[in-house]
Amino acid sequence: MTITSNPSSSTNSILMSMSEAIAKLTCDGSSIVMGSGMEQNIPFSAGHELIRQRRRELTLIGPISDILFDQLIGAGCVKKVCAAWVGNVMMGSAYNFRRSVEQGVPNKIEVVDYSNFAMACALHAAALGIPYMPMRSLLGTDILKNNPNLIEIESPFESHESQAPEKLSAVRALHPDLAIIHAQRADVHGSAHIWGGLGVVADSAKAAKRTLIVADEIVETSVIESDPNRTVVPGFLVDAVVCEPYAAHPSPSQGKYNRDHQHYTEYHAETKTHDGFLDWKKRWILDVPDRAGYRRLLGDARLLDLSVGESAYAAETDFGY
Amino acid sequence: MTITSNPSSSTNSILMSMSEAIAKLTCDGSSIVMGSGMEQNIPFSAGHELIRQRRRELTLIGPISDILFDQLIGAGCVKKVCAAWVGNVMMGSAYNFRRSVEQGVPNKIEVVDYSNFAMACALHAAALGIPYMPMRSLLGTDILKNNPNLIEIESPFESHESQAPEKLSAVRALHPDLAIIHAQRADVHGSAHIWGGLGVVADSAKAAKRTLIVADEIVETSVIESDPNRTVVPGFLVDAVVCEPYAAHPSPSQGKYNRDHQHYTEYHAETKTHDGFLDWKKRWILDVPDRAGYRRLLGDARLLDLSVGESAYAAETDFGY
Amino acid sequence: MFLAAKAHQSCSSVCHKNVTTELTTEYTLAELMVVSAAREIKDHEVVYVGMRLPLLAFLIAKNLHAPNAVGFYENGLIRETPASELLFTMGDPPNILGATQAGDMLNVMGMLQSGRVDIGFLGAGEVDKFGNLNSTFVSKGDGSSVRLPGSGGASDIASLAKRTVMLVEHSKRRLPERVSYLTSPGNGDGKGWRKSVGLHRGGPSCLITTMGVFRFDSDDCSARLESIHPEVASKQLQDETGWQVEITEPLQSTTVPSQDELALIRKIDPKRFWTA
Amino acid sequence: MFLAAKAHQSCSSVCHKNVTTELTTEYTLAELMVVSAAREIKDHEVVYVGMRLPLLAFLIAKNLHAPNAVGFYENGLIRETPASELLFTMGDPPNILGATQAGDMLNVMGMLQSGRVDIGFLGAGEVDKFGNLNSTFVSKGDGSSVRLPGSGGASDIASLAKRTVMLVEHSKRRLPERVSYLTSPGNGDGKGWRKSVGLHRGGPSCLITTMGVFRFDSDDCSARLESIHPEVASKQLQDETGWQVEITEPLQSTTVPSQDELALIRKIDPKRFWTA
């Protein structure tokens, strides 16, 4: 016996354009967690729109960040970075980040250093609604000494091995204003299927006050509901959905498009100077109106080259009864 | 370019019978987490083998436990229960549990009361290798007052809202000797695909010193690796794999068989007295040698009735590149 | 969370006439409780559903007046659409099929703790006048005690949801002045107690019994009778309550189930497993 | 974890002859480092792989001498079979396809913290004689400083793995007596330091540079030179090291790559992205 069809699926769409979403969900001074999927599914198109809309004084949050943070820093959008690693995941250093810290070009940013795990725990604590997470990492390091959100504590329970109080580290919960998350597919309410390494994606959506989903593809709610274990972000947490093919380029989106290694090596070579970065920014960000324009700039041949060469489908899974 | 095929997949099978697995992985006094999938995927066949092998002085651990814990208690296998709820998930009270606590029949057990979330956090802390988890639940309750693994603490970070130290609860990490986990499918190394509500399954495997996977179906490693996001327990954590269709009966295994409501109501009616339970135990546990015998006792008509009536496959997901 | 025992067991043979509509419609006390519980759910709210009667109440609300409510189940399920069949437990296959998200308990419990849950449903062996619940031990008249199944997730929901609704069979034994064991926190011993022990939000909103509906909006955070079920006398209700009942004047008669509500309940639970 | 800069950049033009086999086989210093790193992995070990050269080292070990090693990647991947292609980052599609498990960072980091990881690989801007690493700031000769990318997961691996292996370009600037910023803990200031700060296990096992291999098994927990690479003179190595080098006698010559190892490296990295 079936009682009813989905009463909410056909209404309440929060699908919008990237320019609308960034205008709606960010302002100068926003704190934003991005790149929570690590080297995969980095929301580059959202970062480019932040640059086009000339957002300023942003706090960027993420374990690693790849060159997305470097681009926002070079464009002068950033006041502060809370991260474990800022660079080019393929090539090492990122030059805008170095110029900003070392020379104040285009502006001096504040860097609050975490480790990856400390960042994961800071977002996990916020996702769980507790003020901190205890850890065993970072004891004795200068990271712990220099980051006010990391402290040493003692376990309130006695140790099994010794009677002395057990030393631990603790990281304070981090609540970003906004999480920007790339998904392979989502419905118009924001429920998102993501696959591959999930990094800190789920916790970043729950830690943040608001969430923007950028999806390669919009699907019917029935597709999402056909596989609820694939849902990494449920729609009720989401404030806007943007659909943009190749939104994560040059990072990969498993099963959708591959990593554009060439783009990383070119970025590394072309942004050694600030003027070099300004040229790069003009070409890839300012002179394109949106992700469709960016795809045209990449060109059909390159998009084809990056597309999936050989599909590999997940084994059949039956949710029936 | 493909470098190599899987060099480890065809060797190192840890597949064995349930009687071998229980003999190998348990002894009198073992602490065992079971029922971590909540109302779904309860490893009843493993519990029945514990009863047949006359294990004694067990500590049973789990948020809820359904009638599996009740059966082990009635059979005199149990010294202690650490749980949030012991009963019959459909009918309410479970009589062996009540008889043991209220009358010492067949023996008095110690009950350490948790809430579901406190149990989840105790296993999460152990999975993460930290001595405790901070929580905001259970403050002011008699659960916290009476369970030595729950205490009140103060946050080491000042609150955003006030300058006074923030009161929290804390639950001590719980490290069971063994986790017994039911999976819809696994490979011979123990890597397990599970779908549906996942309860505290993943954390229980990581919290426990050893893990036993009971699978409805053994599949090639390539099936597991075709969908790594479906893997809830990776094989390197697993010490034995047992393949038994209908191992979770009368609880459901999504996509494999349904919940046997009748079995729950009958158990409730037939175990109101200790003698009633002894008859039940003889019929359903002692007089059947193994799960194949149990299936014969259930009979083909009932198995057919419980089997999947209408399949509902998860949407296609491409892991290719 | 789990109702410690089937709250409707004692009312299986009682039927009432629905006199608010033109048609005379009979309904059971269990149906009246389910409908009363369903009406506590507002559209777009996040609901921690729990087990037993609330499983049905959530289906009613989703299908009738709260189509955008989101259901949380502590086994790790989140549903934005209602299950298509009667549920006996939250882990039943019809509740998994078509869920929005299926994951760990920590996912839903974590969001409960972080304040994302608007309303949670609770049952218990005992509820006292401050809405504290006992689902661990209850004392019998002869001095012996009964071991109940335990908290399940009830204590977590009572600690962490923005508000809670309780469903309990109405009897003097079930509604003592103070619970003998505090499993799940209500308002403790009154105003300010929750904050003093470290609970920053929430507390009991409503207690639905087999005789009436209580609301916890008084100055001292105790239960006040908001409505009495049809055909229940005030004296009968007071006699079966372990504390001096305070009444919100004018005392209402509990709104009986509408035809739509009854039709839906009977469509979902045709064999009356929950609503006999 | 991330190597702070490409450790092999300075050795791209250096080639060596493999004199341990009949055939004369040329290899690069990067290949020698990758092979030395791969040999640190024992069969059945759980390996926190990290980024850059170790991505390749793990593939070599899995395919040759450690078929049952398990690879952890901090983006949330666990692999029991090696990826079938060269990886530039751990998040590359060939590393996701065919993984044993793909989940959250907390899953793999949690198991690292609970002591399930046998060996982790680390790179850094600076390594000192006690195996402490700096990947945050380094001072240049002129008083200015260079901002490096940061810890990534290196500090966690250094804190929590049972043992760690470090890969660094050998130069006086890279190998100071003491790091100027302690990003990732080695043995601190010597014996007993780790325990005193609260680190209960682990510590540096091996430092592989472009000139030799150091081992941390001395009484004072400092690096001792175990082997020197072919064609590197002891004096040259000492001149490029920021501390007085202690040698494990008799000093070995680093075992050069075998033909099998070289053949596999070149099959995996035919364009020599990592091994030029």
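Structural remarks
Order of writing sets the chain letters: A, B, C and D. Residues in each chain are counted from 1.
Following the convention adopted for this analysis, a residue touches a chain if its C-beta (ideal position, glycine included) is under 8 Å from a C-beta of that chain, and two chains touch if they have at least 3 such contacts.
These numbers were taken from a predicted model, which means no experiment stands behind them.
Under the contact definition stated at the top, the chains bordering both subunit B and subunit C are A.
With every chain reduced to the mean of its CA atoms, the largest distance from subunit D is reached by C. Taking A-D and B-D together, the chain pair joined by more C-beta contacts is A-D.
Between the Cα centres of subunit A and subunit D there is a gap of 28 Å. One inter-chain figure worth recording: subunit A and subunit C are separated by 40 Å, centre to centre, where each centre is the mean of the chain's CA atoms.
Between subunit A and subunit B, the centres computed from C-alpha atoms are 35 Å apart. Counting only residues that touch two or more partner chains, subunit D has 77, 93, 96-97, 102-103, 106, 112-113, 160. Counting only residues that touch two or more partner chains, subunit B has 129-130, 135-136, 166, 168, 195-196, 198, 202, 226, 229, 252, 254, 258, 312, 319-321. Each chain pair that touches appears in this list: A-B, A-C, A-D, B-C, B-D. Contact residues on subunit D toward subunit A in their complex (touch as defined above): 2-6, 51, 73-77, 88-93, 96-97, 102-106, 109, 112-113, 136, 144-156, 159-160, 181-185, 188, 193-194, 197-200. Taken in their complex, subunit A has these residues touching subunit B: 129-136, 151, 153, 155-157, 159, 166, 168, 170, 172, 193, 195-196, 198, 219, 223, 226-227, 229-230, 252, 254-256, 258, 308-321. For subunit A in complex with subunit D, the residues that touch the partner chain are 37-40, 63-64, 83-87, 89-94, 97-98, 101-102, 111, 113-118, 120-121, 124, 135-143, 152, 166-169, 195-203, 251-252, 254, 258-259, 261, 264, 312.
Those residues of subunit D that touch subunit B in the complex are listed here as 46, 59, 62-63, 67-68, 70, 77-78, 80-82, 84-85, 93-94, 96-103, 106-107, 110-115, 160, 264, 267-268, 270. By the touch criterion stated above, subunit A contacts subunit C in their complex at residues 1-4, 6-9, 12, 126-130, 189, 191, 202, 206, 221, 224-226, 228-229, 231, 234-237, 319-321.
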